[in-house]
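Common to both upcoming complexes is chain A, partnered first by chain B, then by chain C.
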Partner chain A sequence: MTTAAEERELLLNPVVPENVLHNTKTVTDIRSLTGSLFGVAAGILGLESYWGFIFYLVGSCVVSAFMVALNTGGRPERYFRGKSEIWTTEVVSGSSMAGFILTWTLFFGLLRV
Partner chain B sequence: MASVQEQTILRDPQLFYWILFPITIVMVLTGILRHYATVLMQSAPQKQDIRAIREQRNLLHGIALRTNLNQLSLSSFTARKNYLVAAYNRGEFLKDQENKGKPPANPMTDPAGMDQMMNMLKGNMAMMVPQTLIMGWINAFFSGFVIMKLPFPLTIRFKSMLQSGVMTRDMDVRWVSSLSWYFLNLFGLRPVFSFILGNDNAADQMAAQMGGMNPAAGAGMFAPGQDPHKMFLAEAENLEVVGGQHEWVLDGVIERLLAAHN
Partner chain C sequence: MFTSAKSASIVSISTLLLIHSCYSAYEHSLISIGAKNSLPLDVTIETLVSVFLLCVGIVLNNSQELKPISWSVWSGQLERERGSGPYGYLEERLGFLDIRTKRAEFAKWAESNE
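So, the complex of A and B:
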């Protein structure tokens, strides 16, 4: 697709910034809550080093699948640009990962050491 | 190598009750305090002169017309554009018409500019003071011993930072002192704040620092010290430029509608 055609497409189906912001905020909220809970789970299970991060990634994938199925009704492309955005938003960077590490460390320290 | 064998250290469980939880609670409470302090310290927007508002609104009118030009038919766009460009070039909407060509006033003497700078300064103070205080508090009371073991390994470079005050050469980097728990809190408490205070909170120090990098982003449009007449002239030129690229969205709408329903 050329640039001109892309611009034309954007004019015909405009992207409303408020809606994009709201959708991203919803995903961020879910991710930060589940990220912290995954940290609690990983700490209780006593996962260490790579296993903890693998656990987090797998859990995030499961949460993404739930979001696709429940929040978007199986059609994420209606709410996000492209199908993959809902799977990657806020997974690695952002507050979700930091919350995971915080609660993971806390519960690991409380229970295991 | 000694590092293969797992290091175990017996620790008093009281360490958790007297160090870990106090630091966490203090961090959360500081965040909440920060949020409310920021809310309280924001001075209410001052009532502006009617002519100043007219100047701003008319400039925003031109920008809105420029960004949404394709929503209008060519004739109505041209009519609006001609009116605005003529008025801009004449300087009709200027706050003080007689000062048109003169250089802008010094921002330091402009009361509106002073106000803006005060707000920025207050925001920075609300960020810097608690951070310094808490770091000092932790360093004064809780340095010199390890309190917890991280669940993930780190490289040796972190040793000097995370085990500050602990003078053991061979200890595994995973054993860390209270300062690193402070850092973890600094980064990881954002979900907690957004659940306590809502999404638009001012509690998070890291987010505030990121925002502090470009304070001019929000207020840059009508920053003091810019010549409004120059801005109007530039906007008039922009309008003339985009006028050449006009393409109405409703062009060919019948074909598109029919194609969508076939």
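So, the complex of A and C:
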């Protein structure tokens, strides 16, 4: 989409910034909680190197599918700026991945070393 | 729709499962020194099931919380639920002041102060 078309779309359908922030914050909360949870699971299962990250990505996809189905009622474009935003927000950047690695290494170390 | 009590019970049950599987993995690591990465199948399944259930519980805990971002949808929802939209204060303004009554009141007050 070009900039002009984007501006036109925003003029026709204005967006509530507080609600966008609120929704993004809800998704971020869920992501950081489930991220550290996947870390605990990966540590218990004893996953190493790439398998841990693959586990994390698969788990994030599952959580995104849950959010689309349960929180947005199958219509993510009603609550987010784009259709793909709920699938990508906070997955590889931010506190979610960091929390995953933190708890992964912690539980791996506690249970195996 | 799921209530918060149901999602809270899902979260607590699956947390217990996760703690149990974690303890099982720890005990297993104590008795099998040297054998690398040989977690029993039931512990693996218990871990995966508990994490899956915990995800469901966490997502359900936060359901009903998202707000629609489009102005038209959002103000329509507010008007249906609360009776007034985001610009409700513009619709509940006073009409005209009764300036003669105000003037009479002021005159009475000014007289009483003299």
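The rule we apply is simple: the second predicted complex is superposed on the first by the 108 of 113 C-alpha atoms of A that agree within 3 Å, B and C clash if a C-alpha of one lies under 4 Å from a C-alpha of the other, contacts with A are read in each partner's own complex, and residues count from 1 in each chain.
Going forward, a contact is a pair of C-beta atoms (placed from the backbone, for glycine too) under 8 Å apart; a residue touches a chain by one contact, two chains touch by 3 or more.
This one's a predicted model, so the numbers in the text were calculated from it and none came from an experiment.
Placing chain B and chain C on a common chain A by superposition gives a fit, with no clash between them.
An angle of 80 degrees, to the nearest 10, separates chain B from chain C at the C-alpha centre of chain A in the overlay.
In the overlay built on the shared chain, the residue A:Leu33 is in contact with chain B and with chain C.
Contacts of A:Val15 after superposition on the shared chain: chain C is touched, whereas chain B is not.
Of the two partner chains, chain B is the only one touched by A:Leu106; chain C is not. Of the two partner chains, chain C is the only one that A:Thr72 touches; chain B does not reach it.
By the touch criterion stated above, A:Phe53 is placed in contact with chain B alone, chain C being left untouched. In the superposition on chain A, contact of A:Ser95 is made with chain B only, not with chain C.
The gap separating chain B from chain C in the superposed three-chain model is 10 Å, by closest C-alpha atoms.
Touched by chain B in one complex and by chain C in the other are residues 29, 33, 110, 112 of chain A. Note for the complex: chain A touches chain C at residues 13-16, 19-20, 22-23, 26, 29-30, 33-34, 37-38, 40-41, 44-46, 59, 62-63, 66-67, 70-72, 78-81, 107, 110-112. By the touch criterion stated above, chain A contacts chain B in their complex at residues 8, 11-12, 25, 29, 32-33, 35-36, 42-43, 47-49, 52-53, 95-96, 98-106, 108-110, 112-113.
Residues 11, 16, 20, 24, 70, 147-153, 181, 184-185, 187-192, 194-195, 199, 247, 249, 256 of chain B are the ones that touch chain A when the two sit in their complex.
Of all the residues in chain C, the ones that touch chain A in their complex are 18, 21-22, 25-26, 29, 37, 39, 43-44, 47-48, 50-52, 54-56, 58-60, 62-74.
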